[in-house]
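So the structure is just underneath, and the comments pick up after that.
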Amino acid sequence: MTKKTTTALSHHNLTDVYYRDRSLVNDIIAKGQTPDFVAISAWHILGRELSPAELRVLNAILITLMEHGLTPSAIATRSIYMSAPENLQGAVAAGLMAVGSSFVGTVENNARLLDRIISVPEGQRAALAAEIVTDHRAQRVFVPGFGHHLHKPDDPRALRLLEIAEENGLAGSHCAALRLLATEIDAQAGKHITINATGAVSALLGEMKVPVKLMRGFCVLGRTSGLVAHIAEEQKRPIGRFIWDLVDKAVPYAPEEEGGQGND
Amino acid sequence: MTKKTTTALSHHNLTDVYYRDRSLVNDIIAKGQTPDFVAISAWHILGRELSPAELRVLNAILITLMEHGLTPSAIATRSIYMSAPENLQGAVAAGLMAVGSSFVGTVENNARLLDRIISVPEGQRAALAAEIVTDHRAQRVFVPGFGHHLHKPDDPRALRLLEIAEENGLAGSHCAALRLLATEIDAQAGKHITINATGAVSALLGEMKVPVKLMRGFCVLGRTSGLVAHIAEEQKRPIGRFIWDLVDKAVPYAPEEEGGQGND
Amino acid sequence: MTKKTTTALSHHNLTDVYYRDRSLVNDIIAKGQTPDFVAISAWHILGRELSPAELRVLNAILITLMEHGLTPSAIATRSIYMSAPENLQGAVAAGLMAVGSSFVGTVENNARLLDRIISVPEGQRAALAAEIVTDHRAQRVFVPGFGHHLHKPDDPRALRLLEIAEENGLAGSHCAALRLLATEIDAQAGKHITINATGAVSALLGEMKVPVKLMRGFCVLGRTSGLVAHIAEEQKRPIGRFIWDLVDKAVPYAPEEEGGQGND
Amino acid sequence: MTKKTTTALSHHNLTDVYYRDRSLVNDIIAKGQTPDFVAISAWHILGRELSPAELRVLNAILITLMEHGLTPSAIATRSIYMSAPENLQGAVAAGLMAVGSSFVGTVENNARLLDRIISVPEGQRAALAAEIVTDHRAQRVFVPGFGHHLHKPDDPRALRLLEIAEENGLAGSHCAALRLLATEIDAQAGKHITINATGAVSALLGEMKVPVKLMRGFCVLGRTSGLVAHIAEEQKRPIGRFIWDLVDKAVPYAPEEEGGQGND
C-alpha cells in the first residue's frame, strides 16, 4: 500500500531541485547539455521525451499559435497593461483567458472528431467522415477546425503545419482523418473550405498522443510569448489609449434606438 | 510625417500572416527551417535575433523558472483547475498572477541595482556595491536577488546559471556587478548568503540587454509551461481537494482568541 | 433603419455620466435618494428594476455566496496576494476564476432542470422530476443542486434561502420544481439528501427571471466581497506562507512510488 | 500562548456556517432581518459595522465606480467573453485586472497625500498642501485625484460624492484636506482643475477609516457589477467582434515606416 504523494513533478532539498526524477542543475541544465526549453517543457508536461521529429513539429505549432495581430486576446492584454503597467503578469493572464471555446476550443472539438473517426476500422472511416459532415450541415454548424474569416481559399498556417508533419514522418492516422473530413466538406459544400490552423494543430497534437483535454495547455504556452511581445511593443509605442478612444467613440449612443430592444 | 500604425508585430492578408516583416509560413516555419519557438519568441519580443550563445542562456533561464514544486503559484493553479476544469486557461492565468513583486519582482529590483553599479566607472563599482549593501543593512531589508529560505548554503540554480553564462561567453559587467554585491554581502554579514535564482536571472537578462521592465515577461513565459504540467498532473492524479481539506482543517477556529486581535 | 450603437449601458459628456438612460449624479445618486448598490447593480445588469421583495431575496443570495472559509477560491486569492501584494485586483481575479463548473456551475445545471420541469403542464411535473432523478441515478451522477460534503442532513443555507423566498412571496414554480426534485431524490435514494445552496440559488434566481447563462454573474458579485475580506485579513494576519508550507511539506515525494503510475 | 488559527472570517460545521462570530442563517439572513449585502460585506471586510450614514456613502461610492462605458476594463471583459463565453467569471476577472495603478491606483496615491496633510497640526495643513502642489508641478506630474480627460470643468461624480459626505455628516478632515489641495492646485495653475472621482473616493474612504492598501478592494467590488452588466449586454447584443474588427482594421501596417523605430 503506497501513501499518496502530492506531486511527482518536483521536489527539492537544501542543495538541489528535481524536475520529476532529474536534478535540474546536474542533469537538465548540466554542463555539456544544450538546454532546450521546449523539449524540457514537453517532457515535464507529458511525462515522456519527445523524439526530434516531434520536437520540430511542436516548435512549429507553438510558433503558429503565438501571434495573429490585434486579436481579442491581444486587445485585452493591451487594455489591461495600460491600466496596470506595474502588473505585467496580469496583462498576460487577461489575454490568455481568450484561449477559450470560441477560437482555440475548436482544437479540442476537432480532436474529438478525429478520435472518433480513427476509432473505427480504416475501411469505414470515409463513410463516418461523410456522416459527421452531413450531421453538422443538418444542424447548420461549422465542422470545428474548418473555415476562417480572414484566410481564403486556404489558411496558410494549416497547410504548412500539415506539410511539416509529413516532412518529419509524423503524418499518421490523425492527419489522414482530417483530410477525410476536408474532402467530404468540400464535396458536400460544393466549394473549397479551408482546414484552419486549429484543425491542423489538433491533428498534429493527436499524432503526438497529447490527451485532448490537455491540448489547450500547449495553445496557452504558444500564446504567452505573443502576448509578452504585445506588452513589449506597448512599452515602446503604446496604443492602449488609442484603442480605448477608438472604441469609446465608435458609434454615439442613440437613446431613441433603445426603446425596442431593451435588455429586459 | 508618418501616420501612426497600430502594431508592427503582425499583419495578415487572405493568404499569409506576417510576424514583424517575415512571412510566418514562407520564412519562419518554412521548408528547410528548423522551427525554434524560443528563438522566434525572443526575436518577436525583443525585435532582434539572439546569438546562439544568448539562446542557450535564455533556454536555461526559462527552464529554471518553470518549476519549484507546490509554490503559491502552483497551488493557485491547482485550486482553480479543480473548480473550473473546463477552463484550463483560467487556471494557468490564476497561477501566473503569482509572478509578482514578492518572488519574481526581485529580478527587477536586483537588475536596477546592477544597472546602478555598472553606470559608474569600473574603479568605483566595488565601493558603490559596498554602499548599497550598507544601506540595505541599515534599513534591515534583504538585498534583492540574495538569500533563499529553501536552499543553503547556495541556491544551486544561481550557481549553475552563472556558469552557463561563462561557458557561453556572456558573463560581462552585469555578472561582475552581481559578484561584487555578493562579496560585500558576505563580508558585511560575516557569513555566506547565497545569490538566488532571481539574482542570477537578472544578471543574465541584463547581459542580453533585456529592458528591466520587460524581464518579468520572460519569467511569465518560463512559468507557463510549469503550470501546464501541474494541470496535466492534476488531470491524472488530482490533489486539489486534498489541498482544500488540508488547509480547511489546518487549525480549527478559536473564537476566544479573536478578542484581542480583531480586524478593526 | 437604425445604425448599431456599441452600448446602451452608459454614455458620458463633459458634465455628466449616464447609466442607461439615467444621469448618475442627477438621478441615481441624486440629492434625496438613498443610494442602493445592489438595486442599481440589478437594474443595470437586468435592465429592469427589482421589486422590494426581489431585492431582499437578491441581497440574501449575494450574502450567502460571499463566504465559506478557506475554499479553493480563497486559497487561490491568498496565495496570489502573498506573491503580488501590489496587485490586489489580481488576487481577487484569481479567486473569482474558481466560480466555475465544479461548484457554482451547478447553479446553471440545476436551473436548466427546473426550466425543463416548468416547461411541461403542472400535472406532469412530478413524473418528469422522477424521470430526471432516475436518469441521473442510472448514469451514477449527482443531480446538480443536491448534496453537500460539509453539511448534513441539510445545507442550512438552502433551507433559509427558500424560506426567504416564501417570506417575500417569491416562491413560485421554480421553488416548487426544486421541491419535486427533492422529494424524488429522497424517495429513490431511500434517505434524505439535502438541497444545497446552489440549488436554492438557482430556484430563486429563476423566480427573478434571471437568464440561466447570466446567473453566474451574480455568484461572481457575491463572491467578490468575500475575497476582498480574505485579502483584508491577509493584510493583518497573513497565512499565505503558512498555506504554502503546509502544502509543500504535506507528503514527501516518494521516488520509488513513481514507477507504476507515471504520467505517460 | 495561543496557537495560530488560519482565519477568523468563517468556520462551519455540519449544520451551520459562521461569518466571523455570527451564524449566517440564524443571525445574518435570519427571519426578521432585512439582508443587506453592502452592509454585511463592509462588516466582513472591515471587521466593524458601518453606521447608516457610512453605509449610504459607501453605496454611493460603489455605484459610482461601477460603470463608465467602454473603458479598457469593459473592452477587456467583452473581448474575453466573446472568446470564452463558457467562462463568464474569466471575463469578469480579466476586466477587474484593469483596476490598477493608472486609474484606480490614484485613489491610494491621493489617500496618502491626504493622510500626510492630516498628520500635521491643523494650522500647518494649508502650507503643506501648497508645498505638495509645488513639488508635483516642479516634477511636472499631476497631483493624484485631480484632472479628468473626459469631464470639464468638473467631474460631476466628485462633486456629488463630496456633497453626499456632507449630507451624511461624514465630511471631516479628509474632505477638508482634499479641498485644501484643490484650492492650491487652482491657485498655482491659474485655472480650475477638477477633483476627479478617485480623489473624492479616497477622501470618503479615508473618512470611513478604510486602510489605504485596502481601498482598492472596494473599487474592485463596485466595478464587478458593472462588468457583469457588460456581459449581460454582450449576451443580448454582442459587440466583441465589432471591437475586434474596429481595432484590427484601424490603421494598416506600413512596413516602410518600421525602419526608423524598430523595437530594438
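Residue numbering begins at 1 within each chain, and the chains themselves are lettered A, B, C and D in the order written.
To be clear about the criterion, a contact is a pair of C-beta atoms (placed from the backbone, for glycine too) under 8 Å apart; a residue touches a chain by one contact, two chains touch by 3 or more.
Computed from a predicted structure; not experimentally measured.
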Set of chains adjacent to subunit A and to subunit D: B, C
Reference subunit A; chain at largest CA-centroid distance: D
Distance between the centres, which are taken as Cα means, of subunit C and subunit B, whole angstrom: 36
Between subunit C and subunit D, centroid-to-centroid distance (C-alpha), Å: 24
Computed distance of Cα centres, subunit D from subunit B, in Å: 30
Residue numbers of subunit B (touch at least two other chains): 4, 6-8, 11, 46-47, 69-70, 84-87, 89-90, 93-94, 97-100, 232-233, 237, 242-243, 247, 250, 263
Contact footprint of subunit B on subunit D as seen in their complex: 2-8, 11, 18, 20-21, 46-48, 84, 86-87, 89-90, 93, 247, 250-255, 257-258, 262-264
Residues on subunit A engaged by subunit D in the complex (per definition of touch): 69-73, 75-76, 79-80, 82-87, 90-91, 93-94, 97-103, 105, 232-233, 236-237, 240, 242-244, 246-248, 250, 261, 263
Complex contact set, residues of subunit C against subunit D: 4, 6-12, 14-17, 19, 24-25, 28-31, 34-38, 40-41, 44-47, 56, 58-60, 62-64, 66-70, 74, 85, 87-90, 92-94, 96-100, 104, 150-152, 154, 156-157, 159-161, 163-164, 167, 211, 213-214, 216-218, 220-222, 224-226, 228-233, 235, 237, 239, 242-243
